[in-house]
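The structure follows.
Letters A, B, C and D name the chains as they come in the text, with residue numbers starting at 1 for each one.
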């Protein structure tokens, strides 16, 4: 139902310890953010794309499609940042005047925008590495090991499960509405949608009640305790992660990136 | 000649926004977009709210029994699913309601802080909307500001004698709008314009978001009213 | 095949996750007939129905309604959905309004009929399905059987030429199952083509004019029930069993209790009469 | 009735909205038996099961487990829920976690077992239900039949003395229905009392040691299947029909094809052998 989720269960790096994968993704993400350098960002994008496509065996076309998801936000926001509004017309590469304001672009700001764009894409690819190789269930169990409050974990487990149940329900209702000519005009689409939403809410309400019953029947007394399957740490992977991060920092410093600015 | 030029650029700009907006998903700030410093600041800022939210939920569970937990979990899943539904909008494109307003009216703002944060984690990891480094900022704008504004507006307009539908509409629409406004503030704080600083930057971001988000906020308000009407019958 | 009302030609359909649900399937449903579509869970029955209604669009192949190829343009889709109604398995999934009246009026309103007309249609549909007394009740307080009838009235109110029933009897107890089957026969007499999906072989055997056997997104066999249900191998490969009437009949012939030249009985009563 | 494991005495239960679901119902389930509870939709079967598990508390009457009256104190409830497991109709309602392993570990953990023990139980339950290969898969990518098996493993892992299956076969096709019935027989052989609710008379007839017929919150009839299913009037008043084996058998006796002194056949094969 959700592509990223499906890959997380079927990729080639599935059996690696989730903490290793999370460590790799988050450390690289931080490095990318802190390095703030065009070259480091590019290296990270290539690294993550490589690992995802060649190690995790996610089809390159799917990965490319997914990378496009945040691009609209990035383009819109970076363009907004790149545009300078000023009363002083010096330094513009190109500008137009509106009354006594100059709206245009400056070389310096284009560089800033490109850096920002690539930096964001770099961290996004780290996020994708984590999301595409590590099932949500395992990410939750990592959070559990990090001592995130119990109630937060329990809610995450339940919400994750019920996202799919409700998505399924929403789909079925939508299909049933469409087969009775719902969503066929703007007004009708609006009404169909609000009927769907309210029905979904009522359904969710009854499900919550039913779920409590079924859990009680299995001896639930207020806390949802579950066990996780065991994973084994690989020393080799840990060393590899540390080496990669050191390498990235080295690249940043060597190419004159403004680390820790 | 110059005016014409400005006009055509304006048109292109708006067309560009309309073209991109269907995929712009509620304006969560994308992964890695905020500088390290700001990402950290927002992360730290939401922690006390999360702690209080969790405490609030624990209290409610103690008072009303374990069923509340299931109900909240379903509400969280509901918010997530809602945000993945296509919504008809005036421009013919599609976007979605956040559901936070509805939740805040029904359950109060504190549980929505926690649920909103969880939903944002899921959106980041499952859908790549928003991100982990920007989770703090997004939680602040959507789950904290959005939920409290919606709840406050709802209570206030009921106190002022507004009819229920109007109170619900205002709560959902304003909650939405102020979420976007907060996002614009967060972005302009992180990226002040070189001349004119934060205020100029804010004007730029608001200019971009307002065109897309005002119709969305209105749609969210309308849908919430319609949903609320049905729920009223139960 | 001039009198086929719905036709699928070489349909191939994959779900986005890669599951191949239909695998070069062809089927032709004759106007005015009672058709049973048999198959195990996950054989592709529901997927086919969603194609008949234009909800899903095939990767390859085409759907024809009344001899015309469906082109998936708005106007044609509207016409198709008007004429081919689906009553879904689970009425809980189909019903989305809180009031029975609103619920049934959804379809006719979408057809763009006048309010007067819509009221008339809703009233008629409720009358035929025997739920006039539920008009004022909220849907969520009704029993399963009542909801099932509302979900049928939903579709009847649109006056389609074909009605597809997806697993209509699973949750019903024997009495209500018999009632609903009688009802299918009634609307069929009024000229509506009735398509029914089921994995209940006994039901399909005694009810249908024509049977299609599905497995893994393909048609394994088609024909009149008498032929289809003789073929044990076919049934086995579709995870189905023989109807008990046929089994007993064959056994009785083997044991020479009844005359093998007599025609095979369709209903319980016919079998008992043979003995 | 010294060997009854579960007993209900004069239960009266009204839902908060006023619906009277149980109306002075008494029932006694013998240890180690295969029991079928038959009744139309809404007859009160599910409500009774929730009483057996201590989820619902009767307005009047009482529940006995292994001869002891349930007092609804925490300790006793825990004991009861440990020993009486319910596999609910809809697995989607029962499964709360997307991880199969987490899901099955929930019950045993609530029993206060050690992690080691729980892991062992989860493994055993998955082995018995044949889902070991699903360990790494999320529930939302599984089929209905697979989810059904997980919901059974959920309960098996708690090692209860009684397992109640609420309508286990409705959505399953013939092949999977047969599989699940075989499975019931297997766990029954291991000493677990199996209670099954259904409105499938053919299934109840050939499977059960003992049958209860429900209607409107009361027991209309109890007995061995051979007696119960002879009683056409009883079945009628519970909206049920006769199993076809019984019907054919009686007809064959009427027509003097078979000897009336032979014992009534329970399974298809027995009937065919008689002819």
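In this text, contacts are C-beta pairs under 8 Å (C-beta built on N, C-alpha and C of every residue); 3 or more make two chains touch, one makes a residue touch a chain.
By chain, with names taken from UniProt: A = Cobalt/nickel transport system permease protein; C, D = ABC transporter ATP-binding protein.
Only a predicted model underlies this, so the values are computations on that prediction, with no experimental measurement involved.
S.K.: Which chains lie in contact with each of chain B and chain C?
M.R.: Chains in contact with chain B as well as chain C: A.
S.K.: With chain centres defined as C-alpha means, what is the inter-centre distance between chain A and chain C in Å?
M.R.: Centre-to-centre distance between chain A and chain C: 43 Å.
S.K.: Roughly how far is chain B from chain D, going centre to centre by Cα mean, in whole Å?
M.R.: Roughly 48 Å separates the two chain centres.
S.K.: Measuring centre to centre with CA averages, how many angstrom lie between chain A and chain B?
M.R.: One centre to the other, that is 17 Å.
S.K.: Using the average of all C-alpha atoms in each chain as its centre, how far is it in Å between chain C and chain D?
M.R.: Computed from C-alpha means, the inter-chain centre distance equals 30 Å.
S.K.: Touching at least two other chains at once: which residues of chain C meet that condition?
M.R.: If we look for residues of chain C contacting two or more partner chains, we find 98, 140.
S.K.: Quick check on chain B: which residues sit in contact with 2+ other chains?
M.R.: Residues 230, 234 of chain B touch two or more partner chains.
S.K.: Show the residues in chain A shared as contacts by 2 or more other chains, in ascending order.
M.R.: 1, 5-6, 136, 158, 160-161, 165, 195-196, 198-199, 202, 207, 211, 215, 220
S.K.: Hey, how would you classify the chain contact layout here, line, ring, star, complete or other?
M.R.: If you draw each chain as a dot and join those that touch, the picture is no line, ring, star or complete graph.
S.K.: What is the complete set of touching chain pairs?
M.R.: Listed in label order, the chain pairs in contact are A-B, A-C, A-D, B-C, C-D.
S.K.: Which residues of chain A touch chain D once you look at their complex with the stated criterion?
M.R.: Interface residues on the chain A side: 1, 5-6, 9, 14, 135-137, 157-158, 160-161, 164-165, 168, 207, 210-211, 213-221, 224-229.
S.K.: Once bound in the complex, which stretches of chain C touch chain B?
M.R.: Touch list, chain C to chain B: 98, 138, 140.
S.K.: Residue numbers of chain D touching chain A in their complex, please.
M.R.: Those in contact with chain A are residues 50, 53, 55, 78, 81-82, 85-86, 88, 90, 92-99, 101-103, 105-107, 109-111, 115, 118-119, 122, 135-141, 154-155, 158.
S.K.: Could you list, by residue number, the parts of chain A that touch chain B in their complex?
M.R.: 2, 4-5, 26, 29-30, 32-34, 36, 66, 69-70, 72-77, 80-81, 83-88, 96-98, 103, 109, 116, 119-124, 126-128, 130-131, 136, 139, 149, 151-152, 154-156, 158-163, 165-167, 170, 183, 186, 189-191, 193-202, 204-205, 207-209, 211-212, 215, 220, 222
S.K.: List the residues on chain C that touch chain D in their complex, please.
M.R.: 39-42, 141, 143-145, 170-176, 178, 199, 201-202, 239-241, 244-245, 247-248, 251-252, 255, 257, 268, 271-272, 275
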